[in-house]
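Same chain, two partners: chain A is paired with chain B first, then with chain C.
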Partner chain A sequence: MSCTIRIASPLRSYTAGAASVAGSGATLSAVLAHLEAHYPGIRFRMIDEQERIRPHMRLFVNASEACELTAAVRDGDTVHVICALSGG
Partner chain B sequence: MLACMAHTLWVATRKGLFALRAGTTRRGWRLSGPQFLGHVIHHVVQDPREPRVLLMAAKTGHLGPTVFRSHDRGRSWQEAAQPPAFRKALAGEEAPAVQRVFWLTAGHASQPGTWYAGSSPAGLFRSSDGGNHWEPVAGFNDNPLRPRWAAQGTPDGEFLHSILVDPRDPAHLYIGISIGGVFESVDAGRSWTPMNDGVAADFLPDPTVPFGHDPHCVVQHPARPERLYQQNHCGIYRLDRPQRRWQRIGSAMPKKIGDVGFPIVLHPADPDTAWVVPMDGQTVWPRTSIGGKPAVYRTTNGGASWRRLDRGLPRSQAWFTVLRQAMCADAQARTGLYFGTTAGDVWASSNAGESWRCIARHLPEIYAVSHAA
Partner chain C sequence: MTLSATERARYHRHIALAEIGAAGQEKLKAARVLIIGAGGLGSPAALYLAAAGCGTLGLLDFDRVDLSNLQRQVLFDSAGVARPKAEAGGERLAALNPEIRINAHTLELKAANVRAALADYDIVIDGTDRLATRYLLNDACVLYGKALVSAAIHRFEGQLMTYVPHQGPCYRCLFPQGRDGIVATCAEAGVLGVLPGVLGTLQATEAIKLITGVGEPLIGRLLTYDALDMRFQEFRVSRRRDCAVCGDAPSITEPRDQDPAPAGDPSGGVRRLSAGDLQELLQTRAPLLVDVREPYEFAAGHLAGARHIPLGELPRRLAEIPKDAAPVFICRSGGRSLAACAMALAAGIASPANLEGGLQAWAREVDPTLAVA
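Here is the complex of A and B:
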């Protein structure tokens, strides 16, 4: 499955500044593995060692928030990586 | 220009990394940075075995924790290929994840490339390749007693810090855990023993417990490694091994000042000389300068007595805190001392604390200050 991944600004140091990159995979987990293969180190900044999405990260497949990495990704979908933080 | 500078202070802040550089006179400090603007920098440490190498513990508000390495004295940085992380938990197990890499310590002189990292929640990690790949130290992280040793964490989680490598023996390690206590390993981290006898834990129902204490900062004298000091939540202590019972040397501090604080810094050559920065630990624990009048206190006799050193520091209405990694000494004959504050100022003394001057203002909240030669 081919998809588009929208990269939040805090992670663009890994994508050479690109706000959007091409992705591949039938699940969010597979998409992130593909992303890691192309941009080493990016996954651990989003997903912890117990496979949990970090507290200030949000992942969406199209307009739906994905709370689990098993979420399905279909051809043509857009995966949004969003950073959520409050306070100073 | 930078290469001729004799002294560098790395200033790790809640919002990035700064450097202060000066020549041999230790005057005319010049501020540069920020690097990593917006990153939360907990610790920056120069490798004493290879001084061009630095390691830095960092994260951002959003992103997970990691380690950066520099091989050119901080001009450029590369992220670790495998940052510190707990092993993947089995079904039904506690599943800790590193929230922040809080502490970095270079390994023994005989083990180039070896580094240790401490995390929150309390975890110990080791790298054998200069900080590029990190592995959990299973003897601590998977110890069945670990959940009990580090069970009293604050809402931010407990911190593993003060990783000490005995200069006489690379297998002899100490660690501090806030909250948890001081622990010793004599087998390179495979097994650990609490070492808190004599230390107060007046916040616990049973103050005589073997662990559950709150060491804020533990240091080992490089020239007399059997001597340890700690600035604890409940006082200042000294321990001369092979004894196992800490002596409360903070009892000699003025009663109106008390002996609560975060950092304790040792003279590089004299095991009897140490500096602390007392803070207010009364009632609701403001943890600020006492009475808004900051001061450093120094002992030159192993803690038998202490002398107030505040010349040049604000006389009133200065309510900052000096965190546990935010004070350091250099190795000059007339010891240079440096501390950074939660108010973003850096203070320096080139005469062992006799007088102080502010060498940087208005930085973000300072988490750590380390000297690099």
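Here is the complex of A and C:
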């Protein structure tokens, strides 16, 4: 399954500034593993040591919230990585 | 609250809108809105709400106008540099619209004063630049029943959501927990000047909709804006039943200040060095200095011998730091370096140290010739 991943602004230092990158995987877990393989270190910023989505991060598949890493990702989907921002 | 002839003339274009009319304008006149943070977001929000005839407008900020604010904080001008923001901003708003009441609050929002600060207002605009204040404000608004219109910005990206107690999720439902330092501030990462103009104006729009009862407020919908791609997107967010403040069994029952190093937080084991402490250390030893700022900041000026590993690259480059090196992490103001210390601790690097106050403190207390971008 190929998908698009939209990267939160604070994590774009991992993707050489790219806002969108190509992804692959049938679940969110697989998509993040693929992302990590291409951009080492980025998964750690989203997922903690207990395999939970960090509390200042939210992941969406298209417009639907994905609370678990087992969430399905279909061909053509967009995974959105959203991060709490503090700037005012 | 009836409108005077002058007010009818001033607000004619609103009154001409069937959705608002004189009745809506009277609601605006009766409205009491508090803007927390007279910064990039607070500036356009305050100007538009004042111009719109919001009857009572509070402007709360503890800071003073800095020259670097003027690139985006359109509430101020060059003559206002060094003046208290609430005071200078209040004068600008009063000049824009003498028909409304402006309350200037030069105050740092804390758990101890948040109840009193919010008491005389119905709607709160969050334009702060710290996560700790965002959580404090969210909790207070849930507990005291205030509507909260919240926005945040970073570089070219912004987020917006409206929270009305018992009508949808709150900020903690969206992001249950966060800590300053996990994301670079605007001072550290930079921000497109016009970006808060877009988001702050949307905050004012949401406030006017809540006051007049027109349209559909952004409750339970997170709006994101990417200025580079010129892309707005919307995401559905639900109330969390396990939310610490608005959930079924809340653990937060009164506003509280965020603990700087709570139990269980890996940053609790970090050595904290003042600029003077580091100066002494450098005279007797040669500790590994790791500068975690962005490349442009490092290029502007850095401590001699410092190794440069931007925070974004640190997770994959931690192996470059020996486990027993006791590194000293450095950034501009001490936030990113504290996050770096936590990462180092989690990776098994013993005794990392944080330069408290960052290179700003170093330039202030030790070496004024150091250029800090």
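General observations
The definition used in the following text is that the second predicted complex is superposed on the first by the 84 of 88 C-alpha atoms of A that agree within 3 Å, B and C clash if a C-alpha of one lies under 4 Å from a C-alpha of the other, contacts with A are read in each partner's own complex, and residues count from 1 in each chain.
Just so we're on the same page, contacts are C-beta pairs under 8 Å (C-beta built on N, C-alpha and C of every residue); 3 or more make two chains touch, one makes a residue touch a chain.
None of the values given here were measured: they were computed from a predicted structure.
With both structures placed on the common chain, the touch criterion links A:52 to chain B but leaves chain C unconnected. Applying the stated contact rule after C-alpha superposition, one finds that A:41 touches each of chain B and chain C.
In the superposed pair of complexes, A:80 makes contact with chain C only, with no contact to chain B. Counting the residues of chain A that each partner touches, chain B and chain C differ, and the larger count belongs to C.
Residue contacts after overlaying the shared chain place A:60 against chain C, while chain B stays out of touching range.
When the two complexes are overlaid on their common chain A, residue A:10 makes contact with chain B and with chain C alike. When both complexes are overlaid on chain A, the residue A:19 reaches chain C alone and has no touch with chain B.
In the superposition on chain A, chain A positions 8, 10-11, 40-41, 44-45, 49, 56-57, 83-85 are in contact with chain B in one complex as well as with chain C in the other. Only residues 8, 10-11, 40-41, 44-52, 54, 56-57, 83-85 of chain A touch chain B when the two sit together in their complex. Partner chain C is touched in their complex by these residues of chain A: 8-11, 13-14, 19, 40-42, 44-45, 49, 55-58, 60, 63-65, 80, 82-88.
Put simply, chain C touches chain A in their complex at residues 37, 39-42, 126-131, 134, 151-159, 174-180, 182-186, 189, 191, 196, 222, 224, 226, 228-229, 233-238, 294, 310-317, 346.
Of all the residues in chain B, the ones that touch chain A in their complex are 60-64, 66, 79, 81, 83, 85-89, 95-98.
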